[in-house]
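In this document, chain identifiers A, B, C and D correspond to the written order of the chains, with residue numbering beginning at 1 in each.
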Amino acid sequence: MALILEHIDIRVDDIAFLDDVSLTFKRGGLYTVLGRTLAGKTTLLRAIAGLQQPQKGTLTLNGKDYLHLPVWKRRVAMVYQQFINYPHLTVLANVAFPLRRAGVPAEEAKRRAMEVLDMVGLADFETRRPSALSGGQQQRVALARALVKRAEILLLDEPLVNLDYKLREQLREEFQNIFEGQDDAIVVYTTTEPAEAIQLGHELIIMDKGAVIQKGKPLAVFNAPATIRCAKIINDPPINIFDGAIENGAIQLQGSVLLPIPPHLAHLPQGTYCFGLRTSDLSLGGVIGSKVELSEISGSQTILHLSADIGAFILFEDGVSQHAIGSTVQVNLDSDRIYAFSPRGDLIAAPAITEN
Amino acid sequence: MKSLYLVLKYLAILLWSSFVALPFLWALTTSFKTSNGVTGGATYIPWLQYEPSLEGWKVLVRTGGQGINIVAPFISSAIVTLSASLISMVLGTLAAYGLSRFSYRLGFVKNSDITFFFIAQRIMPPIVLAIPFFLMLQFLGLLDTIPGLILVYVALLLPIATWVMVDFFNNVPPQIDEMALIDGCNPIGAFVRVILPNSLPGIMVGGLFCVMFGWNDFFFAFTLTFTKTQLLPVAVVALNSSVTPWWSLSASALVSVAPLVIIAFVVERFLSSGNMAGAIR
Amino acid sequence: MAKIELSDIAHTYEPDSDEPTYALKSLNLVWKDGGTYALLGPSGCGKTTMLNIVSGLIHPSQGKILFDGVDFTHFPTAKRNIAQVFQFPVIYTLMSVEENLAFPLVCRHMPQPERTRRVHEVAQLLNLTDKLKRPARKLAADEKQLISLGRGLVRNDVSALLLDEPLTVIDPQLKFEIRRKLKRINELYGLTMIYVTHDQNEAMTFADTIIVMSDGELIQSGTPQELYNRPETTYVGYFIGSPAMNFIECVPADDRLQTAGGSIPIPSNVSIPAGVGNLKIGIRPRNVKFAESKDAMAIKGQVNMVQEFGNCRVVTVRIQEEIIRMKLNPGTAIPSGEVSLDLPEDKVCIYANDVLIHQDR
Amino acid sequence: MLKLKYKQFFLLPGLIVLVAIIIFPLLFTIRVSFSSWDVVKPGLDWFGGKNWGRLFEDMRFWESLARLSLMATGSVFIQYLVGFGLALLVWRNIILKRFIRVLFLVPMMTTPVIMSVIWRTILHESLGPANDIIRILGFEPLSWLSTGPMAMVSVILVEVWQWTPFMFLLLLAGLMSLPNEPYMAAAIDGAGPFRTFFSVTFPLMAPISIGAILIRLIEASKLMETVYVLTSGGPGTATETSSYYIYIRGLRDYQIGYAASLSLAYLVIMIISLTIIAKILTRKIAQD
């Protein structure tokens, strides 16, 4: 079973919400779609569900044309950002609603609904109205309603974004266990948080301005982002980028800072490059002087916002240390962890994935 | 300063309340008067300033020569208003849901233009429609009949119903009906099973507006009926032009105004809550 | 500038019901002048109620609030020298940016020259100088939030700045910019800052003292490090840090603590009071390591899940009914089969009935 | 595609009914306005633009239009001031809140023409309580319905009594939907009641105020029933409004053709002036 999108275009008064998107989703696959707001993630889900008609392109499920099938004839389930439930129905009636519409007898619908409610931990809330529940519980009801149908395609549009920080963490764990059980459905989950996308997804899709700019195994994409844009989206805080060049045997950054060429960049011809370095791949006590713009301590880590001739960058330091704003700090760039991008932003060389 | 503000505040409220109550109280006392209570100048308190009598009220139900028989017009008014309101609310709610959820395009005419067309009927002064309706009903042979009036009142109330319901549906998040579609309802199913059960507040406000504008209309009833059918407002105004004594005039006025005033007390909760603001934006 | 004291403050929104639920249970708190404080907790834990009591928008059902020892409990908001920034940017829609900033001074009848000087000074600090003449409502959300911040700074009588989840509607990339300005302001003006949030990263990065609340109760107040390394209760250990602190049941066995999968030595400077029930070992996922040597007594378990987060790897180890999570650097090798864990003594916290047993100094 | 079928199901019934009842008769009226249909020669003939020519010289029509706009804007303005004032008073911390709100609501529910009948007895110069109260207060009794300007004041008085509650209700609902934070911010900035009103309440209420004013202007432009009962256009034509004048020409003198052209002219003028006013007011909100 496979859901195939080919050259899907959706434009609304000349803003490209989906720009020539081609994707293949396989049964049992858990796909996470990562991208900033307005990257086209929600439009992608709405196109699959049939809520939005693409101007161009084909959409087929197991070869059957899905494009012209109306929403209510597609075996699709969806969870919205804003925990959408039917206000006038009890929690149990909410979850049984799709089964009743599919002609399942009342008794069996009630049983299956109770089963799924138990799975999401709302077993003893079935007589309540959704409005009487907390945000997290309302979202669980919406999830239960999506799961009870055992639909071929399960779509989740940033389901945790409106919840408290700690609740998000907890529900993410629950989602992971629940999705493991959906091995005969296609699950598509959109998010703006890289950690969530990498943790939940078997396959990761990065979208920006309506286009799919990279897809692949989450760790592979993390370790080898195709472009600077992908690298910025996949890292939080974003990857540091330094303009520079490779000349006479060394990496030259602005402010005549020289770095030794690491083995994985040795084969690169001389020329100008954009060098990328993750915030956790810089450390204190190096040779490059820089000014502290801001230092933020978060429990076990210190986040230093620094500026120097080579440009402004962020450094993640394990452990906690105080730095007054404006003081200077010596920084070391770990050249073995440097990414090399072409001036246009395409990845040329990535550091080896270390198995220490 | 605080206490002065409070005194002024309650004084203003008292002043306006008495201004509001004046016509009702005056009509009430007058309805129990007899001629000497009226001709000698304004009198207010029964037994002290005048001898009250039930004459004003009795004449209302007496049929034949001397009586005014307010009952028949009361019933016709009720029939016309309720049926026109029902038809307008049904058609209006459907049209409003369509306008709020779908995008219609007839040539260059878009949704907002169609909604404006509905609302623009309210801009149409009644007199402009009086002549065409007169000629239309004459042509259809419905002049001076209840069905004729119902037809005209639907034209009067449908724009109101649609206006209130469009604004109500625009405040219901579209994701709810989308969720119903995804769960297997076709658009009509989504409307009936999910939207309607949640639209009670909007329907209440819309229905109330229709009944209010229908029951209180004088002009169309006046121009399009003669002898056979007579609605309440027309009947009362007819008394006014003839030399009817003030007491039966006041009594008949109070009777025809009473139903909606009672409804006002019952439904105040809906009117002053958010729906009204919604109904206007 | 003022020291703010909340003495025996409690509040309920149903004063006349016979057993009212308390949004804020009785608590005492002192905020030093010039400090930055974060009120951290899930929604509905009473943090906004507390903020509104300080700002005077709510009069507490009981207790007193003192600014530098003066009882302000029944003072109206205007008389309290506080400023507040709300979750959604609040600006006066008809006014320009300059008029917005000057509004509090106009209300206080400050002479014009002084007023303009202060407005330009604050505009310069918040780099709004080139936007002063523009209508305030045409600005982006983050600039509007700076305006409402500026309205507090122009006044010369503000001793405390209250911030109610101010960054919720701001784009992630711009949050850093506003946090930087807030820190600069704190250093420049020495303003006490009280910041309400449910996001622990924001609380940890912003405040030098964090007050963790739950169900209207003050659970712990301390520096980010204290909360991270020495959480007062298991709730704080769970709430602060991602993923949450591990907790394993244990029983004292002479000088060691016996758990379901092995035991660890009792930390030297911790004495377990006799007969105390429900003992737990608490340790941060980042501090759990795989044991090098095969120490027979070490805690052993089965690896049952490995989660990848890109910049770190979280391993879940099952020990009978309980689990321990380990936060490791990406690509760290994971031994197969049964693993034994090393819990460094200085990183372990012992809890009796969910409350930390303090180390004897 | 498929959704089309459902789309039509919703809108078409209502649209067809409205178009049938309104548009056909309207088109017929346009045809009639080019005929000399009147009591002498009923029936459709072709009269060319004579009706329209006569209309432009008919000063009585243009005066009635001027009177209408005077009375309409006057009454709507007073309704707005009183309605907004009352809404502000009743908005917060008020005792008997529910009772007062209902009492303020009642006039709107009553039948305008029937209340005019009652007002006619109230404003009766010798027997009515209006002059009686004035005499008690020691002032000269007023000739409510017998002199031109006072007749207009009486019509406005009745309109204000009848429709201020509508304005009050809209504005109160608007006030209650306002967010709380701007008021908290104003309190913190130290703004007094008046400054808070002009810098927070009024700007936030602008859209709703304009909506309410527009609705009332539309209703007030149809002023006819109150005039018919209270003053029947009198004294003389002192309170004659356009609708009333067209009513006389059309349904009393039975000059159907001329009345048709009058009513179409009146409709066009109303649509143009109301859309202009709407544009000015909405542009004012957008701009400020």
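Methods note: a residue touches a chain if its C-beta (ideal position, glycine included) is under 8 Å from a C-beta of that chain, and two chains touch if they have at least 3 such contacts.
Model, not experiment: these values are computed from the prediction.
Here the chain-to-chain distance from chain B to chain D, counted in touching steps, is 1.
Chain pair with the most C-beta contact pairs: B-D.
Centre-to-centre spacing of chain B and chain C amounts to 57 Å, using the average Cα coordinate of each chain. Measuring from the averaged C-alpha position of chain A to that of chain C gives a distance of 26 Å. Counting partner chains per residue, chain D shows two or more touched chains at residues 3. The set of chain B residues touching two or more other chains comprises 186. Among the residues of chain C, none is in touch with two or more other chains.
Interface residues of chain C facing chain A in the complex, by the touch rule stated above, are 42-44, 171-172, 176, 179-180, 183-184, 187, 198-201, 204-206, 224-225, 227-228, 238-244, 284, 286, 307-311, 329-333. Across the complex, chain A is touched by residues 173, 175-176, 178-186, 189, 194, 197-198 of chain B.
Interface of chain A with chain C (complex): residues 37, 134-135, 164-167, 169, 176, 192, 194-195, 198-199, 218-219, 222, 234-235, 237, 278, 280, 293-294, 296-300, 303, 305, 320, 325, 353-356.
Residues 179, 181-182, 184-185, 187-192, 195, 199-200, 203-204, 288 of chain D are the ones touching chain C in the complex.
Every residue of chain D that touches chain B in the complex is listed here, in rising order: 3, 6-7, 9-11, 13-15, 17-18, 21-22, 24-26, 28-29, 32, 82, 85-86, 89-90, 98, 100-115, 117-122, 126-129, 131-132, 161, 165, 169-170, 172-174, 176-177, 207-208, 211-212, 215, 218-219, 221-222, 224-225, 228-229, 242-243, 246-247, 250-251, 256, 259-260, 263-264, 266-267, 270-271, 274.
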